[in-house]
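Structure record follows, encoded as structure tokens.
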Amino acid sequence: MTTATVAAAPAPIRRTREGRWASIVLTAYMVVFFIYLFAPLLVMTLAAFNAYDYPSVTQWRGWTLKWFDELAGDERILQGLWNSILVGIGVIAVSIPLGLSGAFILTRLQSRWNGLLYGVLVSPILTPGIILGISTLIFWRNFEVPGGLFLAMMAQATFIASYSMLMFMARLQRQDRSLEEAALDLGASSFLVFRRVTIPFLAPTIFTAAVIAFLQSIENYNTTVFAIGGNWTLVTEIGSRFRFGLSPVINVIGVIFVVLTVIAATTYVMLKERDRKARMAR
Amino acid sequence: SSGTVNVFAWGDYVQDNIKDAFEKATGIKVNLSTYGSNDEAENKLRAAGGKGFDVIFPSVDTGPNYYKDDLLGAIDESKFNVDKVIPSIYRASINLGATNRGKRYLIPCDWGTEAMTWDSETSPDLKYGTISYGDMWKSDMAGKVAVRQKSVLVSLAIYLDDIGEVKSDRAMDLYKSEDDCRRVFEAVTNYAIERRGNIGAFWNNATEATAAFTDAGCSIGQTWDTTGILLNRETNPKWRYTMPKEGGLGWIDTMAIPSGSENVDQAYAFVNFMLTPEAGGMFANNTGYNSAAVDADQHLNDAQKAAFSMAYPDAAAIDNLWWWPAQTDFFGALRTEYVEKFTNA
Amino acid sequence: MLGKGKNVVLDGVSMVFGTFTAVRKTDLEIGAGEFFSILGPSGCGKTTLLRMISGFLEPTTGRVLIGGDDMAGIGPNRRPTALIFQNLALFPLMPVWENVAFGLEARGMPKRKRRERAMELIDLVALRGQEDKLPGDLSGGQRQRVAIARALAVEPAVLLLDEPLSALDLKLRQHMRAELKSIQRKTGVTFVYITHDQGEALTMSDRIAVMNHGSVEQVDTTDVLYDNPATPFVATFVGEQNVFRGKVAEVAEGFAVVEGPDGRLRGRVREGLSKGDAAMVFVRPERMQFLNGAGLDNVVTARVDRRDLEGPFVNLFLKRDANEIMVHIVNSGAAGRDLDGEQRVGFAAADALVLPTGDLARD
Amino acid sequence: MLGKGKNVVLDGVSMVFGTFTAVRKTDLEIGAGEFFSILGPSGCGKTTLLRMISGFLEPTTGRVLIGGDDMAGIGPNRRPTALIFQNLALFPLMPVWENVAFGLEARGMPKRKRRERAMELIDLVALRGQEDKLPGDLSGGQRQRVAIARALAVEPAVLLLDEPLSALDLKLRQHMRAELKSIQRKTGVTFVYITHDQGEALTMSDRIAVMNHGSVEQVDTTDVLYDNPATPFVATFVGEQNVFRGKVAEVAEGFAVVEGPDGRLRGRVREGLSKGDAAMVFVRPERMQFLNGAGLDNVVTARVDRRDLEGPFVNLFLKRDANEIMVHIVNSGAAGRDLDGEQRVGFAAADALVLPTGDLARD
Amino acid sequence: MKALARTYGRTLSGTFVFLTAAWLLGMIVIPQLFMIERSLWVRQESTQLSLEIDRLYNEVSLLRFDAQGAADADKPAIEDKISGIEERIAELEAQEKAPQKVYTLSNYTRMSGLHFRIFVRTIVYAAMVTVLALVVCYPIAFAVAQVATPQAAAFLMLGLIIPYAINELLRVYAWLMILDYQGVLNTFLDWIGVTNLAAKQWIPFLESPAAVFVAMVYTYILFMVFPIYNTLETLDRNQLEAARDLGAPSWRIHWRVAIPHAKPGIAVGCIMTFMLSAGSYSVPQIMTRGTSGDWFSQTIYRQFFESNNWNAGAAYAFTLLVVCIVFIFLMMLVFRVGVRDIAR
């Protein structure tokens, strides 16, 4: 009796005549929107295959793959990429626990100061990135910590943790608190509750928050450029090359990233879909 | 100190061939970081309190910005070969900001210019000898001019001084005192604002400068030598680059040792290496700039030689250069102020 | 196989939230192994009471004793109780058996052993074969059973159930009532069962406490509660009632006569009412009869308004001025189909109860 | 004040989603002003049927006619129907009166006039005084009434209700049944009412269609449905039944004798059964009696297993091998309290119904 | 604290509090206080005197340099000259005072008319970007949340995320390539005959602030779509159907049902977009090539890095932050959204 209710997916609106117009308009709009979304990517990708020395599609000099070769030989870019990844991983490691802690405190503690605390904890999102970078650098100078990958990570984590926190708060607010109470009632220690009930509940958000943290870290420029000191990441390297003329090598990186993202995200969606189907079938 | 040197350089300065040659010659490992603008270099060093780097490449005129916060260490002239720097440049640099209160902090490394780039097809009449900064402000150039805000006001000051419209001692008044500076900038900016329609694009880096001509449709402008030369060489020979008759804007990039350097000896070794004719030649071929090392021109390749003679057809072109003087506090602030005024007019 | 139930004693327990008293001073004794229900309308304080027993709330005053031990300061994870939540609170990401074994996991039992133990309980609640599914893949009734097994796994002496059936649909709810009751018998654990559904409470419980506005109005066995409610609230909250208002005209030998707009009505009375007091006469619809001439202790005339078939019963609704009278007749084919217009209905004095006027359960 | 109801005709209507047939070819005529229920278990296609009437779905085959007009191609916003959703779908951010007036707003009625009109409807559903509250601040029953008023505001000829009471608790549900019924009478609008609760359908409807697996198994008035279900499914889905299985031993004069493990049982039969066929005998629990010696057409012996007080009834559950027999006795004080051990229960042949073996409603 | 400890125990709760405190103090408050402190003082020094001294020193240095190459005979004269100047230097240096750090609000109050105009314009522009982004994103969020099948929705989401795989600089640069005078769009228009590039007749997209808007909306789409999507996803489809059933046309359904429901999401999206666009540096910097006016973030940047006035820069930045926060509260007030809704 009830199993059918569980499995029933929300039926899509099957429109009758009235609705049809609205849906045509909406579909048309979506098409335009996605053109808007992908046009720059297309341009950027084309430029990666253009033999011209600067990223351009209007100055077309024929197809080439030389920029891919050049990327393979560009140690600074490759090293920068590696550094970006290191920083990204560090940012995940720092911002996820911070964001989680903040979210727990804000959602679980009822206090008059919550509003203020919330305001301060999200303020890094609103602070110009440059300022975060500089203030982090100045602060750590007191402890004789020079700029570098570590500080870049700390500076980025300052605001990325805020994003994570927002995501965790959203999830926690949807949490069924009675699950934790049930676990306690069954005699679980607080650690067990956390490990077996809370963390599994948060796991999907931890995953997305980590992905978003990583992406934000990888693409961050304003904050990183100051905190990075003598080291460099992919983006700061691109930034410093801006002055001397970008080469389409940069576009090649973009293309690779897009392809990787598409592959990763598509597999993710497919896996989820398969999972859902498997569950429906059961 | 260790066997490494932390070099903080412009993105294109220390390329692999130089790095490898230096490491081979001295056994010191180069730890390279790069930047894309003087502001970036300066502020990074300032934020780091002068620590973390052993060699840095400030433009000579930005020296005072470093002195104020004691970011650089004084140069021990006994530790490097003064004679390896082209003497005239070495001498000129004294006044341009390389010394402070009697001590030298900056050693010239290379020099270049910012001068006229134009489309010789659409403006066949323009050529070296007659071309002038004023050509950018002619009424038939609406939407076709590409300039860098920070330098265009100065070149315009030189031009207006030259034609006698705004007297400024060849723009030197800009550095004399705050009041003079304001007077000249005010007049120059007003002149520019009246003709703002001429501006097709502002640029701040080579990428933008190139795009200004290839994508934004500009046909005349003020660019760095490398931009102009590469446009001519790589994009289309119709693009020409040369000095205007008022004199090109000359800049000198230098090498300095930050006050917090921990590898001073290695730093001097690096400086000395950069000033060898071979390294100077490599440098010039790599970047398109002109090395300040004696005899570096012996090692130039043909393309570089050709470019040099397009940009500086005769010795007068070089003698007539207007070198950026050392910046003063009020100059930096006022220039920003008027640049903003011009930009937002 | 399971621990015997323990008794629960509430000794002057009350709960105040800020300025709001959710539970007034309450004394209650729940016997070991009893199926005890707490019945009351939404917001009357049932959950609060239960949470004090389970240890999630510390009472503002009074003591909670379980099996004779004072529970003050002992947290929910150290009391011999287990709570079944209204929404069940199954762990959605653990398969059934892990849910059931969670309490054992918390006690550090090795995996192999706890799976074994869980399987026994899964058998007990007839879920064999479902042990590796996730709760989301089960039907409502099955989920219900997982919750019971999970709670029983920790061998509680007292099982606290907070409206565990309210999320199920009617048929299933009826089915689960029987199941719960039989599990309680099998295990001998004390059940404290919260509900606002009087039918549920009546069918399952040994005894019922009826709460209203934070206080317990009556504690009795189901039959007593149904036949001898202590207050108008209990009378109308438990089962259906016809209510007639009036003033006491006579009191004698356990019976009283109430005079009101519906005439003189006689019914049983307990002490506490004397002549002239405002009173209410309560009669269950199934105790009323249509009179074909013949008389009964009490007779009222009213117009038949409508007839509802409810299955085993036919409900006849009669109107007398503003008062509505409901009569249940057993559905024996065409029952009540011919009744129409003005009718005389009656009931025996023994089937009527006279109580002092008081609040009725709203409906 | 409100438009009279219109009739609804489904003419060979069916609905296929992809490869899944949600509603099989159905013919149905719902009279103007009728209170018509569609009853069936979850997933049987009730909502789908309703959505075809309301215009949210176009039938795969067949036609929907309302008041004689073919509705093909006419969208939900232009049909003379209004739909009340299972979860009510009140607009949570609009105060009550705006909710009620929304349909009028959509028709461009000026604010003042529509508020006036909304107030009339608010009076109709007895919500005067609540008009400026938000739906979230109302009780379940009040919200229910807002939904009704909102639907009535557009003066529909047909009101479609999709399990509107299922979210309410028991007492309230019972109360709202009466209310809905009385509104239907007052307005004369055709009500098409969906439910999976047979009690609800029985108490309110003029006629009921029972659906199972996408097809309508029986359409009849409530009494006929209860007393003469056409199939085992309907028999067990509507009300409680005792079921005895066996083979037909005899058929004569509208009665059949079925032989099975419980002995020879006699009951009414319709055509279609002949000797030797597998058959089922259905008897309602309230038609069964405990026999003190005296005989009845059919007698079965079984052990009393347990006694549940359900309020007006006492349910006695008896076990006979695997079969459970349920007997309802009217609660007359101590009803059934003394019954114990082996007992004889019987029922009249006229109260039993013999049907060909078929699927029962699961519970 | 107690509430937290009851569920998670002392150790875990303590860890949460510790981490939050470390983040709050060590990464946000104290570093920011350093900046705020900076915005509250100026360095006072007598520039003219120092300039004069610097000039004299340079003269000495020059003379010394020349002396190396000079004939020996000339050297004494030069030495004389040098010592003369050095005396003068000593004299002046005695008058020179060390620069003084003076606490003042002048960094806040001295904002020039131009900067104030830029500031106001930036706020207005950011608001316009926000509105534009809202208009662009709402239908998408609605479609993904309410109309698409779950599978389609997953792919639409994927489509929304892909552009974020590439760096912001590149994204903006790509837009520049598209909108430039001789960019992709104008080339395309040339090809269909609308413009004529050869004759330098093109549509100057870049000259209007709209170019920045287009790129900025593009850059911040996700920040608008996601919060709206999240709220719209929770909108009961029955409400939409109920509205339609009651005869409402699509626009009214949105106006009266969907948009009010999505309000918290809209508020959050607007807040984020506003913040990000008000603080965006690279988009206006790259997009306009300076031709359509500065944004305030560029001004801040220049205060820091070109005027070398960190103190004023800090004050500007702080002002922007305060205005943004005021904006948040305004939005929350207007939309009646609580602080907590922002997380939804």
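The letters A, B, C, D and E name the chains in turn, as written, and every chain counts its residues from 1.
Keep this in mind: a contact is a pair of C-beta atoms (placed from the backbone, for glycine too) under 8 Å apart; a residue touches a chain by one contact, two chains touch by 3 or more.
Model, not experiment: these values are computed from the prediction.
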Least step count from chain B to chain C, where 1 means the two chains touch: 2
Most central chain, judged by mean C-alpha position against the global CA mean: A
Label of the chain whose CA centroid is most distant from the centroid of chain C: B
Whole-Å separation of chain centres (CA-atom averages), chain C against chain E: 63
Chain centre separation in whole Å, for chain E relative to chain B (CA means): 29
Where chain B touches two or more other chains, by residue: 40, 43, 204, 208, 211, 214-215
For chain C, residues contacting two or more additional chains: 75, 169, 171-172
Of all residues in chain E, the ones touching two or more other chains: 177, 180, 182-183, 241, 244, 249, 304
Contacting residues of chain A [partner chain E, same complex]: 9-10, 12-13, 18-19, 22-23, 26, 29-30, 33-34, 36-41, 43-44, 47, 55-58, 97-98, 100-106, 108-110, 114-115, 117-132, 134-136, 138-139, 154, 157-158, 161, 166, 169-170, 173, 180-181, 184, 189-191, 193-194, 198, 215, 218-219, 221-222, 234-235, 238-239, 242, 246, 250-251, 254, 257-258, 260-262, 265-266, 269, 272-273, 276
Residues of chain D touching chain E in the complex: 54-56, 75-78, 81-83, 85-87, 89-94, 102-103, 105-107, 150-151, 153-154
Parts of chain D lying in touch with chain C, wherever the complex brings them together: 42, 166, 169-172, 174-175, 178, 181, 196-199, 202-204, 222-223, 226-227, 238-240, 284-287, 306, 308-313, 315, 328, 330-334, 337, 350-351, 363
For the chain A and chain C complex, residues of the former touching the latter: 1-3, 6, 176, 178-179, 181-189, 192, 196-197, 200-201, 279, 282
Touch list for chain B against partner chain E, complex: 39-40, 42-43, 64-65, 87, 90-91, 94-95, 99-102, 104, 143-144, 149-150, 177-178, 199-204, 208, 211-212, 214-217, 326, 328-330, 332-333, 335-337, 339-341, 343-344
